[in-house]
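Look for subunit A in each of the two complexes below; its partner is subunit B in the first and subunit C in the second.
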Partner chain A sequence: MKQSRIAPWIGVIFGAIYFLVPLIATFEFSLRMERGRYSFEAYRIVLGDPNFQASFGYSAFIAVCTIIVGVALVVPTAYVVQLKLPKLRPVIEFLTLLPLVIPAIVIVFGYLRMYNSSSWLPLTGSARGTDVLLTFSYVTLALPYMYRSVDTGLRAIDVRTLTEAAQSLGSSWPRILLTVILPNVRVAVLSGSFLTFAIVIGEFTMASLLNRPAFGPYLQLIGANRAYEPAALAIIAFAITWACMGLINLFGAMGQQTQRR
Partner chain B sequence: MTNSSITDTNFSTAAVRPRPISWSWLGVVPFLLFTLMFLLLPAANLIIGAFQDAAGNFTLQNIANLSQPTILRAYQMSIGISAASAFLGAVIGFALALAAVLGRLPRWVRPSLMTFSGVASQFAGVPLAFAFLATLGRTGLVTALLFNIFGINIYRYGFNLLSFSGLTLTYLYFQIPLMVLILTPALDGLKREWREASAILGASTWQYWRMIALPILWPSLLGAFMLLFANSFGAIATAYALTGSSLNIITILLYAQIRGDVLHDPNLGYALALGMILITGISNGIYIWLSSRTGRWIR
Partner chain C sequence: MAFLSIEKLVKTFGTQTTVKGVDLAVERGEFVTLLGPSGCGKTTILRMVAGFETATSGTIRIDGKDVTDLKPNQRNIGMVFQAYALFPNMSVADNIAFGLKVAKKSSAEIAARVKEMLELIKLPQLGERYPYQLSGGQQQRVALARALAVKPQILLLDEPLSALDAKIRISLRDEIRAVQRSLGITTIFVTHDQEEALSMSDRICVMNEGHIEQLGTPFEVYNYPTTRFVASFVGTLNIVNGKVADSATGKLLVDGQEIVTSRSLNGASTGDALSLALRPEALTMGRANGLSNNLDGTIDEVHFLGSVVRIRVKFKDSAISLDTFNKPHLPPPERGQPVTVNFGREDILVLDGAPN
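Now for the complex of A and B:
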């Protein structure tokens, strides 16, 4: 069948323009801080800002906590569902999709009503408690992606044989999970983790409403008060997202190679 | 795919064996507890609050109060922006996915597009607002280029980034890539044999698309539209960073309500949240239902 190749090219070129122009424009804008010449002055100021370092460090720390809690919650669940409780699968899958159904702002609104300082579990009463609540809120936010990723990973390996082999060698359940299952789904866990990191690092709504000094609210504050620094920050944020996605692709490719071997 | 179906068969044959009482359900208890405490109960709490007055008695007054002009306009604006960005995102994303999958372009085009879509679909929130301000804001590069080269001042012609069209244009930056990501697997599922069979029977390209490809694809298309709609309906960070609180959309109104009770009625705030859950719930429900249906055809 003869088919013209002009239309597809036009489409792809249009798409490329739509996606590259804002990036180029942002980059160009971020260099314009000094009058009359291009410089990296905006980046120097942003990177040297103690608030940048503090908020970025805080968000990175919360992101790591989110990943640890998320993996600890999702891997055993997906494993048990796959191995022993396949009937529960629709229920669990529905629950993991709920964070897409309930908007983040509504979830955090619920937290503020349920866990405020005069409630039965006053998590928002202290800074540490709020950090825990923020971590948990990010776990729910990342749940659909983390679960999907780990579940796909578990389906690709023979969970039953691995488990029975480990059991016949006398492994306990925690040991099977930690030293047999987890290493076999590490690519899936890593992609879920990097995606979680990309989602959490610049998240604004939950951190702002829970009043924590995270990177997202910092970005918003700079955006409201400065001219050139926001553009530099946007480029930095894009680079972080790009790095996370690049690492996912890299690990994915490595995983495929090991499987083929 | 073949790999997983093999494990599935092993799995079902092995599962027939009778087992002693199992404690395996203990493995899902932490997960169920977590979703109960941090997803279900908080949402239920708000929903109950929406049907209570300040003293805790049952009332429908909060729901009735949603018909205030500000609130109605906010819902309308949110639904409008979400529908526009989801529709345009779906159409353009579909066209791009089509070009990448069936356009016979060089081999490097498709993986580049997919990688880029992965990044761009996650590039949302506050930084996205900064990027569009630097591009199409009053001093943005594209605004300046259009003025310097063509002498067109887009702001003179009524364009405003801090408006319906501006926000829609900005949301498209993550909506289009999301559509590409969702639809590419569906397009891959169109079997070449179907096209060849229809061609042998004398169908034109148009007939193939109208009578075979689109009927198979439409659940994916509609489902993706619903997901895109809910995706932008619940978004706030981009809009807030772009417009402050000047644009009256539902998430910004709810944000202001949570921060400072601008409606002077906490229970009305819960009703506001209930309305949002209903709208995203319906659109995502349709998406989940449709995507479970498409699973039958597209493998």
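Now for the complex of A and C:
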């Protein structure tokens, strides 16, 4: 009895040390910019850096665009698959998992071949075009998370009966999606969105290869050239990610309250 | 012409034919029940009327208009589902208002109609609640109000009570029927519960394996089943195997004992094997004289059900159940005791189809 309780605790403590020690060490280091005392000087410098603000703002904007495009793509797809094409589900699931299997660098080289300035759709020819391409590539990158999240949300409600109830009341397809389906998977869409946000904010490969002023390349640049600021940035990025996770949990709990049967 | 008319309706899923040529005419304001065991195609018929399934062949007409190929949102049909299909993200009032908003009614009109519907289902205070805050019975009443708010031409209910507790089920039965009567709305109700069907319907359509076995009033279907299936499915009916001893005089042999029926033998001739049905309430214990029939057997089982005692009597190769009222001063009979059962000549129903 006692034996069996000690083993899991050892696991937990080991995991905590594994994750927490580097985190605490980084945090501690980020406070040591001024000789001989702890201060938030490194954070002040980082947060006051116009490049930080610009790159973070850019990435946040792209993240929001990614979320909008992702939701518009995934919700109707998952809905139709669940309602009309359940046999296609394994195929769609496989497709949405591909971005986890194919390295981002492979995808982005593919994009560069397909959409370079001398191609049939020269997206990389202009900054706006490249932003669009970056957004779409982030949609791809976030697809596994967004699809899974929305699909789980859809499975939790009786999609077919709700759809038929709305249909028999005269409702059209777009109306059903917007007023019946989407509000009932709101929590799932939100958690997918926060995951997407966290992914986009930290992404480096695609932004860097497409040469856009995103937060990931900025992190890398600072990391290569400064001592204390990268530690502060790492902690800030970490806090943003955790804030996203916290929001997922918060909305998840709220959703359970309003959708209890 | 009937208000809702279904002609030669067929539905095939892959290789399996679920609905095999159903004809049904429902009059304006009538309450018709589709009654049958699970899997006999009741839901499929209802879904074709609602437009959720397309008919493989046949036609469906509402008020003379062919709707067979119309989309569900063009049919003006109210539907209540077995599972609570209320929109979880909307309040009770918003659920009821949904169809009215789709129809672009003015907000004053919607508010008035929602209030009217809430009063109709006797939940005037609950407009602001959310579905998860309601009991199952309340949810089904809201579902009914939501379906009726848009003044549909036809109301379809697919086992709306089967997920509820027994008590609520019975009170809601009466309530649904009362609402249906007060609005005079043409209604098709689906159930596998014969008691529900008998107590609610104007007419019952008994179904089996994708076709209609019998269509008639509850009285007709219960008292005059035309097939063995109907006889066994509607009510607790005793079916015994008999043999025609003399087709001219209606003499039959059950278990080697002679009985006489005053009903038609459905064209059977002397020597034919037949299925005979006897309702438990038509049977009495004891020997009767005159024109009654008597059968001797032994008591096999005694079920004390409260006000009624159901007794099973065994013959050589068949058994029947009969009901007696509980009499506190008279203890029920015991197993193994010999007993005589009597019943009238007109109580014997001769069923189509040979005995198994």
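As a convention for this text, the second predicted complex is superposed on the first by the 256 of 261 C-alpha atoms of A that agree within 3 Å, B and C clash if a C-alpha of one lies under 4 Å from a C-alpha of the other, contacts with A are read in each partner's own complex, and residues count from 1 in each chain.
Rule of thumb we're sticking to: a residue touches a chain if its C-beta (ideal position, glycine included) is under 8 Å from a C-beta of that chain, and two chains touch if they have at least 3 such contacts.
Note that the structure is a prediction, hence the values are computed from the model and not measured.
Peer 1: Touch test for A:I199: subunit B only (first), subunit C only (second), both, or neither?
Peer 2: first
Peer 1: Quick check for you: in the superposed arrangement, does A:S191 touch first (subunit B), second (subunit C), both or neither?
Peer 2: After superposing on A, A:S191 lies clear of both subunit B and subunit C.
Peer 1: Looking at the overlay, what does A:D158 touch: subunit B (first), subunit C (second), both, or neither?
Peer 2: In the superposed model, A:D158 contacts both subunit B and subunit C.
Peer 1: Using the touch definition from the top, say if A:L88 reaches subunit B (first), subunit C (second), both or neither.
Peer 2: Only subunit B; A:L88 stays clear of subunit C.
Peer 1: Could you say whether A:S171 touches subunit B, subunit C, both of them, or neither, answering first, second, both or neither?
Peer 2: Second partner only.
Peer 1: Tell me the contact category for A:V180 with respect to subunit B and subunit C: first, second, both or neither.
Peer 2: second
Peer 1: I want to verify the contact counts: of subunit B and subunit C, which reaches more residues of subunit A?
Peer 2: Counting contacted residues of subunit A, the larger count belongs to B.
Peer 1: Quick check on the superposed pair: does A:T135 touch subunit B, subunit C, both, or neither? Answer first, second, both or neither.
Peer 2: neither
Peer 1: A:S55 in the overlay: touching subunit B, subunit C, both, or neither? Say first, second, both or neither.
Peer 2: Neither: A:S55 stays clear of subunit B and subunit C.
Peer 1: Across the two complexes, find the residues of subunit A that touch subunit B and also touch subunit C.
Peer 2: 157-158, 161
Peer 1: Under the definition above, what is the set of subunit C residues touching subunit A in their complex?
Peer 2: Per the touch definition, subunit C meets subunit A at residues 50-52, 71-79, 81, 83-89, 98-99, 102-103, 130-132, 143, 146-147, 150.
Peer 1: Going by the contact rule at the top, pick out the subunit B residues touching subunit A in the complex.
Peer 2: Checking each residue of subunit B against subunit A gives 3-4, 7, 10-11, 14-15, 22, 24-25, 27-28, 30-32, 34-35, 38-43, 45-46, 49, 92, 95-96, 98-100, 102-105, 109, 113, 115-116, 118-120, 122-123, 125-135, 140-142, 172-173, 176-177, 195, 199, 205, 227, 230, 233-234, 236-237, 240-241, 244, 251, 254-255, 258-259, 269-270, 273, 276-277, 280-281, 284-285, 288.
Peer 1: Which residues of subunit A touch subunit C in their complex?
Peer 2: 157-158, 161-162, 164-172, 175, 179-180, 183-184, 186, 258-261
Peer 1: Name, in rising order, each residue of subunit A that touches subunit B in their complex.
Peer 2: 1, 3, 5, 7-9, 11-12, 15, 18-19, 21-26, 28-30, 73-74, 76-77, 79-81, 83-86, 88, 92, 94-95, 97-114, 136-137, 139-140, 155-161, 195, 198-199, 202-205, 209, 216, 219-220, 223-224, 230-231, 233-234, 237-238, 241-242, 244-246, 248-249
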